[in-house]
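First subunit A sits with subunit B, and in the next complex the same chain sits with subunit C.
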Partner chain A sequence: MGGVVQRSPRFSELNDDDVRYFQEILGKKNVIQDDDKLSAANIDWMHKYKGASKLILQPCNTDQVSQILKYCNSRCLAVVPQGGNTGLVGGSVPVFDEVIVSLSSMNNIISFDKVSGILVCEAGCILENIMSFLDNEGFIMPLDLGAKGSCQIGGNVSTNAGGLRLVRYGSLHGSVLGVEAVLANGTVLDMLKTLRKDNTGYGLKHLFIGSEGSLGIVTKVSILTPPKLSSVNVAFLACKDYSCCQKLLQEAKRKLGEILSAFEFLDSQSMNLVTNHLEGARNPFPTSLHNFYVLIETTGSDESSDKQKLEAFLLGSMENELVSDGVLAQDISQASTFWRLREGISEALMKAGAVYKYDLSIPVENLYNLVEEMRSRLGDAANVIGYGHLGDSNLHLNVSVPRYDNKILSQIEPFVYEWTSKHRGSISAEHGVGLMKANEIFYSQSRETVRIVVYY
Partner chain B sequence: MGGVVQRSPRFSELNDDDVRYFQEILGKKNVIQDDDKLSAANIDWMHKYKGASKLILQPCNTDQVSQILKYCNSRCLAVVPQGGNTGLVGGSVPVFDEVIVSLSSMNNIISFDKVSGILVCEAGCILENIMSFLDNEGFIMPLDLGAKGSCQIGGNVSTNAGGLRLVRYGSLHGSVLGVEAVLANGTVLDMLKTLRKDNTGYGLKHLFIGSEGSLGIVTKVSILTPPKLSSVNVAFLACKDYSCCQKLLQEAKRKLGEILSAFEFLDSQSMNLVTNHLEGARNPFPTSLHNFYVLIETTGSDESSDKQKLEAFLLGSMENELVSDGVLAQDISQASTFWRLREGISEALMKAGAVYKYDLSIPVENLYNLVEEMRSRLGDAANVIGYGHLGDSNLHLNVSVPRYDNKILSQIEPFVYEWTSKHRGSISAEHGVGLMKANEIFYSQSRETVRIVVYY
Partner chain C sequence: MKIMVTIKRVIDYAVKIRVKPDKTGVVTQNVKMSMNPFCEIALEEALRIRESGLASEVIAVSMGPSQSIDTLRTGLAMGADRGIHVEANHSLYPLSVAKILKKLVEIEKPGLLILGKQAIDDDCNQTGQMIAGLLNWPQGTFASKVVLDKEKQVATVDREVDDGIETLSLNLPAVITTDLRLNQPRYATLPNIMKAKSKPIKKFTPEELNVEIKSDLEIVEVTEPPKRKSGVIVSSVDELIDKLKNEANVI
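And now, the complex of A and B:
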């Protein structure tokens, strides 16, 4: 992948004096040259992107991050910040021999205010650890991800991670109240507010949310966390066409309103794939053929009234013929089997062969058209499946093929990007740009908005 | 106020050729030199800030805004954008003779997607008109303001307006999905996305939210609107001390969770002021003296279960002794009388004499300490009252005096700013900086964050 990018001769090469300097400011144990650790940090978790860094630095506090960056800046040493290294677009590993600045040792929770629900912590805190901490306090994180066991909050913020709770709690631009970041020249920007309201000056912190480390390294974060609610319910529904899915979403927003916490969809091709490839995965409606399936989750504070509400919604949707069939999970175990049908698609795709994956955001009314156009474009050569977070207009378009084939790829790209661009969509809904899509940014951003960043 | 600022000689003075040029591109009727209209546009609604502009321009589309700014830039003519002119900090009127660019004629709703709830409209749409439009569609705006009958959405976005629904729906950084803005040189930045998720490139639109027109003129907005819910309930409660108010907020977030839509507080001094000065305002608990009062509003989709939930919450809070007394509004009329006690404070203050007003955001645990310190600092010379949006940590600190008195003012300022700064608060929670607080910004922003904006 990185092959098209050339290492700039402007950057120096690391030498022994550099290493000695880092040892002085960080202590020897935080300046890592061990081969095993280096090879783990040089490669991303998909084994798709690989760098050749010779040095990992593990600062313990913001001041050390500042000293590192100030020195690297003066020496023209290239740097890549690294959190949990769970990114999907080649943004968390070196492209060449950049010095890796790992935030892993900065993993302290600094404060938590039980009245406001505001948490302040260091960037290296692992998402799941924060979740456990909050669980004890009776709160939850406004974001949840498959990678939660490894990913770090600094990386989540730097990549504007989306995830499973966005339909309910919104994006990190709403939840993140403050950020501390260190610029390339070592300047520490203290924007670590713990306030829901602050209208003094520019919203600079927002530039660090989703800029993938390119503007500076996020070192601390303050975040608004919602209280934990006790009642969770899951329903699995079948719809005859995409139009019914859309109308159902509209109804769910109105009728379930404040308790809706997930609205996911999959097409029949996705359902077939999962039930064919995953052991124990069963279609809840085995006797009939449906074109689409919807998973609805509600989260609220009152078990009996929430369940009543969901049952009434189900009944109404069947009467209106928006839903052809439906079932409400009777316990946690049944709820998990429903979630497994949706969450198992990725795994089933891997078992089915090779796969071209696209993570797109497209206005809901047009979202599924792309799947159908791709299907008729590729014919029998591929199995095109569509699923995703319909509540967020986020389509996961996947093209499953027996093996990778450049002829098929050339029928998919750039068509998929052009189509998305034409419909004012985003070619990266939640994964970011990284190295993978750096050259495709104009499909989702106007020339002027990119130019202004480069010029100013 | 503007007295300390000097007009820069860099700026040209308007001449007849300029006016002719504007008439050519906008048509004569949109180039306004009428004295009455000019004097209305030159003064803010509090009659506190007054400019001396000789020209109002009323563009009808983005292209005209672009042409205006490009020309003014080349001629070095200063410009001030104006929406509904309802700002409180002198940001919406000229300081000197700036050309006023009024967005009032750009008031079209461009599109509304009933499935996603995403609205796209021009900047000059009046907030209340958008609300009426959405009401017909079964949706609401995520923000509501006292000034809704005049304020325009472009101004709301440019000032990051807070308002009454923030505790439920969050800030505009979460709700605003896209912005179109014109830079000073006429460049049109198309960031008008209609997507909940987009991780391609920097979050530039966020810089235009709350930058008060200083980076460009917002011409179009896309915004995520929540569905309208049918059931609204209001409770009015009495607490013996501030600690109980805090604990009650914590409980309300947990027990009312997803239906909580307002959590407002006032102290007994505020209650006395309102009941003494506003006709018909009555303390719901006239026989006992309470130190604090809390107004709680819930909004949900199920009348009976919502009411049950609120009743159970009230009962539990009384048993826990968080609440000394409480009453649930039995109808809309009683709900309005409760809201009147909270919303009438401003009016009562005007009737009581002169008033020094501060709009502060302070972490909840320390918020009321400032009121008490101010009270002991000023002694009998003033009536210090505290109230506000406790759910958002937003304190309205008001010092009521018989008449303005510089000796008293010198005891309030800079103390109030220093205290707020020391507690990591914001000296402007929702009103912005404008001309009023331009010199006080360092109380809420670090030198580095301000410097980086000036240097880059």
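And now, the complex of A and C:
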């Protein structure tokens, strides 16, 4: 949970004059000092990180964001930008008494070009709202993640969120065409291009993708959205060991190539957790035990040929014994039930007690070894589960315990970071650095690269 | 004993329905089609009866365009032994379906006919009742529990009615239509999908069965339900009561 951080005396403390100034530029109702709202905004959804901010500001436009930052900069007031507050690494909540700048009120869709599929919107748009807007237009978002009902696109971009469709549509560095951001001194950087090709110099916008607010606040986003394809098929498969999962991934990339849209895996411990803690979740293979489960989704334009292709692939994989058993969703509700088994793990973990979450990129061949090593390291003290986006070599290693316990934590960290570093992995695949991994960044970045961006 | 089950291909339950601009019906092009959920429950029940040794064969029947064969394949992958496809490219209404089904019953002679209580596309909820009438068989509609006694040739059916559960005893052969809580249908597993590919599907046309397709119904217009208006926050109880009285006219 990061080292002990001290509040720097360089930063001023909020006073009544500051509040009055903010009320003048934002109007009274957008300057929030209400205890209930503050306590919600001060804590992350896992209840792991808690700040003590006394003020939430809700700007309605870029100009107001600029005025806020300019003022805070001149007064030396610390600021934390906040979107949907769904982050997992303590990056979306104040550490001390920072002023919270909430983007929630900046939730307008500015334009959508039906020919190119380019959407321009404000940073506070909730991902799921954008999705339903696009759905009506016949398009989808290139990213989809469990937190879609609350998370905001500005936060997604600022943290370079990954999610379930990355294997198909790539990372946000590819689909975000432009951003508008406000720097700490109030300068508005208009990089809100709607072009796929633009080679005029540095790709400055990329610095803001994944910078977690450390360079400025993203206020608008322009994003390339793919058309919604009508034929979606979902299969849920059982594999006897991790090596089968790997071979299955290799085969899927070859044989389903252009229609493969997700390749997710979970181990039997994850499956047990979900079926024990989530109402209505049932194992599609109730009668036999399997060590691993794989969810494959295909998205294409032709229902019958896509289904034929997927069936042929699955039957072939059964004959080659890569798959021990499998079910194919026959309708959308079955498909959502299969997805629920994978997407519901986070929720099931929360119900099971306290959880230490690690989001790691590790070359596929070694990825599951870490889970096994961690399991033998912790023994009966914890339930170690592994799942994630196998198609992107992204492991979610989760250690479920009855309550947070520093003794267990010291068994996990720094071991998990050292192991990942040794295998040339990344200690944060898609969750970001936040407060949680601020001191651990050197496990994945060299001193020189960190120094060059003046990380302090 | 054979069990005959009807399965209908409909717009997937989870798809957002769009009305055609000319208001003659709903958009079905490029829309995901699946098996009617109530038919899935009917098929599941038939399979369970067969698996408990009370029936020897489950025959799945689907009527409609050639794509109905996909739905039949799903039924076969769930476990039906064979399929019958009655090809019809025009809209079929409950009475025509019941008449066709009667002919098929005469050919196959099943001891039990299980149907979904209604299809989610037209919500007619008539076919089961009509076929029971045409065959002069007893009917147990909206079944939430089915128990078969092979020796006495009796089916005991629980029905969810307004006052609670009504239990009926039907002499076989009989017609049962299924309600939502009867069972939870199984998934199509890969081995069963593979097996389904070699299961036979027999094809008929209404003409071959001597059934004339006609309808006494004419669809005048299909429109979307009115859009829900956004809510308002009232400032006092008095204002709420005033609005309920004078605007909503509910008190």
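Here is the rule we go by: the second predicted complex is superposed on the first by the 413 of 456 C-alpha atoms of A that agree within 3 Å, B and C clash if a C-alpha of one lies under 4 Å from a C-alpha of the other, contacts with A are read in each partner's own complex, and residues count from 1 in each chain.
Going forward, contacts are C-beta pairs under 8 Å (C-beta built on N, C-alpha and C of every residue); 3 or more make two chains touch, one makes a residue touch a chain.
Predicted, not measured: the structure shown is a model, and the values here were computed from it.
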Which holds for A:Cys60: it touches subunit B only (first), subunit C only (second), both, or neither? neither
Once the shared chain is lined up, is A:Val188 touching subunit B (first), subunit C (second), both, or neither of them? first
More residues of subunit A are touched by which partner: subunit B or subunit C? B
Mind working out whether A:Gly203 is in touch with subunit B, subunit C, both or neither, as first, second, both or neither? first
Is A:Ile332 touching anything from subunit B or subunit C once the two structures are fitted on A? First, second, both or neither. second
Scan A:Met318 for contacts with subunit B and subunit C and give back first, second, both or neither. second
Check whether A:Leu278 is in contact with subunit B, with subunit C, with both or with neither, and answer first, second, both or neither. neither
Touching A:Ser428 in the superposition: subunit B (first), subunit C (second), both, neither? first
Which residues of subunit C touch subunit A once you look at their complex with the stated criterion? 12-16, 30-32, 34-35, 37, 70, 74, 77-78, 187-191, 193-194
As the complex stands, subunit B meets subunit A at residues 113-118, 138, 159-160, 162, 166, 170-171, 173-175, 183, 187-191, 193-204, 206-207, 209-211, 215, 226-229, 246-247, 249-250, 253-259, 299-302, 305, 308-309, 361-365, 392-394, 424-433, 437, 441, 443-446, 448-450, 452-453, 456
In the complex, subunit A residues that touch subunit C: 135, 230-232, 236-237, 284, 303-304, 311, 314-315, 318, 323, 325-334, 336
